[in-house]
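To start, I am sharing the structure in question, which I have written as structure tokens.
Which chain is which? They are A, B, C and D, in the order written, and residues in each are numbered from 1.
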């Protein structure tokens, strides 16, 4: 259940990022080496290629409580594995349509091409996305689902209450 | 494309002929240009040094008004002919893009007066619009009285191309020269296109300001320019109105017409000099008239 | 015949097709009827809730429940059956994954009720009357079950031991399941009683599937005439076969229709729709966003296409309501 | 959350995890509360030991892990420190030495991804907690893996025949390995061949370069292909397949001896086309040889200017003149395919286009030259035979050299080109020597780090060369006083005396900086490497792997990696050659075992994965009717894994279960990490 006290706090979005090893992850390292400061809301998972991003990962992240998902790959034509990023782009285009029908705003799922030299872009993309997601507010699917699932817990509790004396 | 026109104070006063000629040229080129309703001071002058936020808010009001007036447009193009207005509005737009916190404050301030600013406005200098949107080819097509033989020294001054403007090269601008070529005149190649005219110093500390203006005019004369073409009301004023003072102070005999580029354009487009506000000039560009009329001088 | 194992069948939010599939056993039903004692089957025989309540806990060997859980009554019955049965089998796509009823999870309960009782073209209801959960009359109280906020799979409500997939499960799978139960050698809990590989494995058109699909268009079944020998994906028809568990022996394909995914994903997949989406999209031909979008426009209803039987069991389960 | 230390179980897996968090001196500890993270992780299921240490990558840090593995019987290790791109290998090796399979190790990046990019300690600590938690959850699913070794083809491809490429080629060839040296221009030699003298020793560039050039030509282990370009690269470390296009010279290279009779015989009696080698300051004929010491000594045709190519109506006097019958006007491009194990890119640089800084008047005023033009002009074999003259033909009385043209300039390039100060000094010396003119150097800072460099600067000051400290504002023909008439006036703020000066000169030299070649991006794509922000090729590590790239087996040397002078280029070329030789001499390389494999019993043979593989590693087995991955060809991108509709492909190190648990771990306590930590610390 949402804790009323917590609502007072400034909402800090939780964003899961999938960065490809060769471009975006390296760019994030460059951002670090360059000491660029950016919003701490994005947590990066390193994968070898954006082509490895299974749409299930994105859905799982949302289902587990992410407010946004960011995928970073090499620019078109730059993929270390030649075309993995195009595969991701195609999935992303359709996944966005699925997410839209299922009520997840476009800004919550973002695909960005960031090359190894674009440390600065890591910063701007992350800051921009965090700001946009912050404006959208929390997605909090786990909390919402557990709120909805309260309706089936009541019956369960009721049955258990009935049963206790029987077993006693 | 539709354009909004932001005159600013000068174009309604000392630079009246800039407005007159520019609007006449726009009309001749069949451009759809409307003045912004209820515009206010751009915030040049001392505002910026006193309170930046308020100054930007004042300037931003004009941008918000533009968005209100052209609310259906995806991108709103505002023409600001005065270099100072152009520079300040451009600076305001950039400031709001880069400082999100200040943008919030200023948006709130605008909200108080029922306005909103989204950021859809593009600030355009008339040189930019004429060369990049209309195109020199279209301008050349519309020319009825080519200024053949007229040598023009294009003088851009500082704020038209610096520091925020990107439509032209900051050190070697060429858009005014492009227009000069399009109307059949000849550009003088000279290195003082963006040199300081003295700006407000000419009016306040003239021993600093006057020599600056004088050097510009002297070099233009030396390179045999018939006329100096400008794109800024203050430059035009400094270069034209103080010629007597300069001649007295530097014991010289400078006498050269200083006009707005739009006035030269207007002449080439066959517009009557009076419509172009040329009757307001202190130093009429006699050489231009002479060459145009094959030696006969026009009285205005 | 007290020695015969007791079996039950129950239905929740379902169309009745699953019940039909039991009858589809044909002469084998005699074998089943001989081998077991059917103690509860409301569709076929007259049982009351009280009859079940009267049974001893765990006295039924196995109950097969079909249909999704949409109402409080279905939930209550499921819980009751759970208590009375040693083994609960989610029977058919709806119990297994939510089935077609769970496409309702694209909407809120309120949207559905509003449409059903007010806006549907066949409804005349100017007073906006809605069914009441409780109605008191002459000191009598009549109640109606409550429609829940969400369509759920059976295992989202009670503990489920096995799953018999399909819309409906085939008689062959049902027979095999019954034989397994009778054998006493139970598979690990949670097993889906169908082969754990994709349908292509048993598809008669497998040979005709080319290596490089490079989709430029997609067609819906009514838009083209199918070649009845060639892989449907090769003809640009979205066939869920590659992402759907085998076991049906490609019934739909044999009927010249694409697989729509009723057997659900393999055990290694968490979200069937996401997987087929990933697979199909990866094989789209264009590289430019605009061109990709143009190809995707051929799939106007991605949820209905990829999640036809499993929205309730998908990772997101329902449409998210933003605050 | 359970506090079952050492007894955590997920899906039946009960690992014994060791967690180590690195302070990295202050690099991490200043922004992340490492002790808090350490305590937080200690409370997580499965974690047997959790420690923090000053420098995990140091020997004592590694020994700490090794000791724990042995004594506490750890079977999973998580280290939270810097980027895995930096030290993953170090820790894997340490883990392996302690007897544990190295792939039970996982690294958490809390420096580049956390401490260096966050400015709030509380938030940084919370982020580090989340990342650590994700890693702990991930390692539950780690598996023992074997690395695969691939053999290294001993042949080496070197792209670019400037001084770097030449030096690398000779080093490798002298070590007994075969080198293919591919150069785009008709001759090797690069920029260095254009220089007159080299700083600070004033050695004649040709004298030290040409012997090396002819060694390349004559070396039995070097195949030299000039006027050739790499068209396509396939494969991976140890086994690259490279396609090379040899552009037609219209002269058979093997037959031509460079006698130049054909050039004399050309129907154009006068040379009339700009000579590229001399920066267009002199003319050449349509048939030409770039410069006297060109290697190979073979003439070539320029089809753009040769009459016969344009009209087919030439008398072809050149063909008659060649008694060796070396001219073949029907020559077509030749395509070569070679197999090499390693590649050295030495594709060089380009000088800044001075026209992009219009305030200096290049191309506007005839007496403004670039430094490269002056190199040719002062050269005895250059367009003026070494005479320094203005365009009007006069010996200049005063010359201004403007430093940092295109360098250290926000409007051009921000970087310092490193060589311009020194070559400007050299040119100042040479111009003064040739003309006796007053020479002015306009500099921002004099940068003369190098052996004998500062001494050279000192010498120049004693020679009476003028130095004005300040960035030149403009070069103008605007004369204010009679002395400035018909001269170029350099306007500059002399920052040492605080005055704006106007210095009239006869000739201006622009010390143009170094920038990446226009097609650097195409080349890096072809070789699958990255570029830095500036556009130069990106090294694997700026300090520790300066000639390696992120692609194994591809090395870089010389100006393509960044501005540098000849000694540095040569040193780098030697380093790149040594790196290549060390791979060759090892004979094989271990590959990251992140390959994908198909579980045959699960595969339905739907073929969805087959077209997705860029390396054609997936094929369809007609016998079993299932897809199979050839592990030797798989490069581990994971695209097929993500796309397998029945989840039947797994990628080592990036298994679905591993990534799902990482996602879960990142979010599990999301939003409430802080409270939890407080509980832990209470």
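Throughout what follows, contacts are C-beta pairs under 8 Å (C-beta built on N, C-alpha and C of every residue); 3 or more make two chains touch, one makes a residue touch a chain.
Quick caveat: nothing in here was measured; it's all calculated off a predicted structure.
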Task: Label of the chain whose CA centroid is most distant from the centroid of chain A - done: B
Task: Between C-D and B-D, the pair joined by more C-beta contacts - done: C-D
Task: Centre distance in Å when chain A and chain B are each reduced to the mean of their C-alpha atoms - done: 50
- [ ] Mind checking the centre-to-centre distance between chain B and chain D? Centres are C-alpha means, answer in whole Å.
- [x] 47
Task: Where chain B and chain C are represented by their mean Cα positions, the distance between them in whole Å - done: 72
TODO: Please work out the Cα centroid separation of chain C and chain D, and write it as a whole number of Å.
DONE: 57
TODO: Quick one: which residues in chain A touch 2 or more of the other chains?
DONE: 51, 54-56, 60, 83, 87, 91
Task: Touching two or more other chains - residue numbers and ranges from chain C - done: 269-270, 275, 278, 282
Open item on the list: Give the residues of chain B touching no fewer than two other chains, as numbers and ranges.
Closed with: none
- [ ] If you connect every pair of chains that touch, what shape comes out? Choose line, ring, star, complete or other.
- [x] other
- [ ] Give every touching pair of chains, nothing left out.
- [x] A-C, A-D, B-D, C-D
Task: Residues on chain A engaged by chain C in the complex (per definition of touch) - done: 51, 54-56, 58-60, 62-63, 76, 83, 86-87, 89-91, 93-95, 97-98, 101-105, 136-139, 141, 144-145, 148-149, 151-152, 155-156, 159
- [ ] Sort out for me which residues of chain D touch chain C in the complex.
- [x] 601-608, 610-612, 620, 625, 639, 642-648, 656, 660
Open item on the list: List the residues on chain D that touch chain B in their complex, please.
Closed with: 357-359, 411, 474, 476-478, 480
Open item on the list: Help me check something: in the complex, which residues belonging to chain C touch chain A?
Closed with: 72, 75-76, 79, 106, 148-150, 152, 156-157, 269-271, 273-275, 277-278, 281-282, 284, 287, 289, 292-293, 296, 299, 302-303, 306, 314-323
Open item on the list: Which residues of chain A touch chain D once you look at their complex with the stated criterion?
Closed with: 6, 12, 14, 16, 21-23, 25-26, 28-29, 31-33, 35-38, 40, 43-49, 51-57, 60-61, 64-66, 77-78, 80-84, 87, 91, 115-120, 123
